[in-house]
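Note that chain A is present in both complexes that follow, paired respectively with chain B and with chain C.
Showing the complex of A and B:
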């Protein structure tokens, strides 16, 4: 093999250096708004506008957090969002994994039609279905309650989850199920003890995507809670800081900073499955 | 333990694809039976039907005289080791081995006792806390076998369990599975495409091709007395040599004539070929039944040229060419040969097998047995 020359080494160093520079620049572009928001949450409204570029608050003050938590029903919105996100994720993981398992592993009449309909719905813009969805929820008595907007939001993202689970289960070797059958499992035990734990990467991915989605959901929680504002979630509730004549931007920054903490926790808990899940990897 | 009986078993897949046709196999209690054949011959399908993982289209399957066609795998009291091990990646080795017992609601103490015992037999006690991904191929294989052992089933089924292992480990595991069979005295059915595995492990071999059973017998029966050309060619390594020859008769003596050489057939074998005088047959000789000669012996030796020489240490495989055919001869390690040499091979006719050119069935099997 040819020996690397000094020139080669320098060229590789330059290539790697420029790549890192681009990546660092991208990181800064991505992270700056978040850092700015957190910084703003420790400033007064006046400081925020007078020294908007400065990232170090002087003096550092925590009033915004107290105001954000106690006024504008933020604590209620926060709790609503937790209930909403947990319910959505639980429903999507349960329905997505069971449907994905059956659609990915079994042949039955009408399967192709179901798949075509599923994939077809993913290309329909959500805004075009919000009115019929609203009317349907109204007819079923699901407006202005938690179940209504939870189901409505779940219907929006469930298909993608099902498709992710189908993709995963198609790739699981048949011997896994055969082995379970020989070990004495019935259908449900095979799913519960073998196939579901195998899908951890997809569960992780679906959990992260849907927690983030539910946390920032706006349209459905807004439309479904017109008469019950106390059921609203953070995405909608955040607008409480925006007034007709004046807005409390610093408190809003504090509220936003609080609201990203749970998402970061979820991401840290499930991130090791996230890339694996999106890449479609598995196998044991 | 148990007997397994396949009566006229057939399997037809969607689109009328027939994978197994009219299989009749009797597996005795404590017998080690190997299904062998090339890819797509129906051996794994037959095993999976015994396991209950494939529906049986035709015929009856009995385990211990009980018809089990419609009984699900979990109620057949069988255990199976899969080609890719099929260990559950999210469970530890202990949990993998204990899983079948837990599902069957065995007592915790009993489960622990059985797993520990199996782990000791297979020398995997140190691995019980590990996950499958932290194991080597050989270790995974042992765990897969351990998972089968703990259940203490009536019948063990193995579906090409060694094909993912490297050659050295395969030889080692082969011996271990054989010794396990001796130790457990269990009925075992083993599928492989490797005829060496079949020969070395089996009490009884079932050779399959295109979904049809070609022959059932002990390893030596199949080797020495193949039913047809396929079995003769499949069993044995290097494989049997085949040459298409004319059968002639002169002055009461039977000859086979290849064109490039002519051999006088001893009376016993000649009698078998009497009905074929004036026709062509396939002349089959094992490589070890061709003796190397430097000099020609009239009407007794095959004249050929050395094409390839493979020295293996204990013996040499010599690939030779006649005018129309290629053949392999096994010669002693001290024979000095060079590519291009003309040599003569003396067949041991008492070991020769002749096959009908059209049916490919061995000629005169009944007479030879007498």
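Showing the complex of A and C:
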């Protein structure tokens, strides 16, 4: 079959060339809006109107960042978002791994019902239940504090995390537990020292997905911090900022860059791990 | 001989394990009497308890409460709804043309969004999955970046990029002569929905490319090698090897795509708010408008929308399942 004729070689080269051309074009279209945003954050407002499509700010100036940073509470929003993201991730990993382990590996009465309820409720649009959620938080004294919006947000993505853990644990061979049983581990030790470390790819995936999610979160932090603006996260802070600066596009671009560029850097650094984790989840 | 030996050795092994842990044989017996089954059930319950608490309080309860509210006329003020109206919210809803408009738009959004997003991202993933492809990490990075940005920010950036006065998109298209005059992408009744859909495809494509890449990696290499031996080109390989082998993944990812797009809300809110002239109004924005966007919130009515919409989706889902099932058998 290996007829490496000149014509074949040329055809292959052209095929590969067109493949790269398509991918390069796609990438340019895909990142243009983001590059545009970052470049706009260095432009003056006048430049944004006159040279709106261009990507090279001239003169390049940092004034927008100064304006965005000093006139809003971005440093507080930043800290809030970090605390929010860390608590959400810790809670989801704990809840998702424990219940995912049990649901993925054991048979017990009521399991089917739990699965049906879990999957059935994921279809319900979250916007529709925000009012009762709000009331519940109010009743429990969880409005306008960190615990409230952390719990409420956790409930939004918890089921997907549980399903990822279930998918993973179904695929782990039985012998892994038997070896733990011989070592005399009890149920908790078996989970903590054998099964949980095995799930590293899923923990990684859940961590990255929820860090990004918490960073972007909007509706729940908004509704839960109506009377405590100093608990706002970046997603909500950005929204409030747009309201105040509706004609200062350059400052908005700077604010937008402040709030998403750190996340992009994190994503770029952990990208490889993220993809491996997801691949593991589907395979498992 | 062998069997006899192991018979002798086993108790010794057991004893040595027990000794190591400072236990006596009677302890082992006790553990067995205390029935590991019962202990295991206790642990299972303990492992489920925290999740079930969060689930019941923050997921299930709000849904049940929504169903309850849908039988009341209530403006959300006061602890609890009290003016029971029976099925009137539902009757009003069935006669409300805005509801049906939002319903239609949501279906259009879900169908078009997935029809564009799923094949496009699958083809991109297929191209990226080639292990001999150079720069594939670079391409991935570029294609994944949009999914990290938040919808609120995408709303701001896209509103500017698409604006008809000096938006970069109009400028570029005018310059290369594709357009004769600027287009108001988000202000045109016929275009706005399509533009919102395309922006949503762009925003989440990275996530779907990752799903597909994960699925593609489960296909055994031998299948591709066999196709190569048979002299199949890459399009043929894609159609006759990849797609059939990927069928289970395709079903899961399609379901995921449909479920996620049924929840559409943020992107519409950030880009058009449902306009112009309700041409991009979806169920999510319709509910939001009735519950938060007016001076006299209609919580009962909004809840009825949620319940009715959920019910219609379930019916559609079952019907579709039946049709697909019949297609498979026929």
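We adopt the following convention: the second predicted complex is superposed on the first by the 265 of 284 C-alpha atoms of A that agree within 3 Å, B and C clash if a C-alpha of one lies under 4 Å from a C-alpha of the other, contacts with A are read in each partner's own complex, and residues count from 1 in each chain.
FYI, contacts are C-beta pairs under 8 Å (C-beta built on N, C-alpha and C of every residue); 3 or more make two chains touch, one makes a residue touch a chain.
Only a predicted model underlies this, so the values are computations on that prediction, with no experimental measurement involved.
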Chain B versus chain C as contact partner of A:189, first or second or both or neither: first
Touched partner set for A:200, first chain B, second chain C, both or neither: first
Partner chain in contact with A:33 - chain B first, chain C second, else both or neither: second
Superposed model, chain A: greater residue contact from chain B or chain C: C
Partner chain(s) touched by A:173 [first = chain B, second = chain C, both, neither]: first
Set of chain A residues, in rising order, touched by both chain B and chain C: 182, 184, 186, 283
Residues of chain A defined as touching chain C within the complex: 1, 15, 19-20, 22-24, 26-27, 30-31, 33-34, 36-37, 40, 48-50, 52-53, 94-96, 98-99, 101-103, 106, 108, 114, 117-118, 121-133, 135-136, 151-152, 154-155, 158-159, 162, 182, 184, 186-188, 191, 212, 215-216, 218-219, 235, 238-239, 242, 249, 252-253, 256, 259-260, 263-264, 267-268, 271, 274-275, 278-279, 281-283
Residue numbers on chain B that touch chain A, as the complex places them: 48, 51-53, 72-74, 78-80, 82-84, 86-90, 99-100, 103-104, 132-133, 147
Chain A residues within the chain B interface of the complex: 173, 175-176, 178-179, 181-186, 189, 193-194, 197-198, 200, 283-284
List of chain C residues in touch with chain A within their complex: 17, 21, 39-41, 43-44, 47-48, 50-52, 54-55, 57-63, 65-66, 69, 76, 79, 124, 127-128, 133-135, 138-154, 156-158, 160-161, 166-168, 171-172, 202, 205, 210-211, 213-215, 217-218, 229, 231, 234, 249, 259, 262-263, 265-266, 283-284, 287-288, 291, 299, 302-303, 305-306, 309-310, 313-314
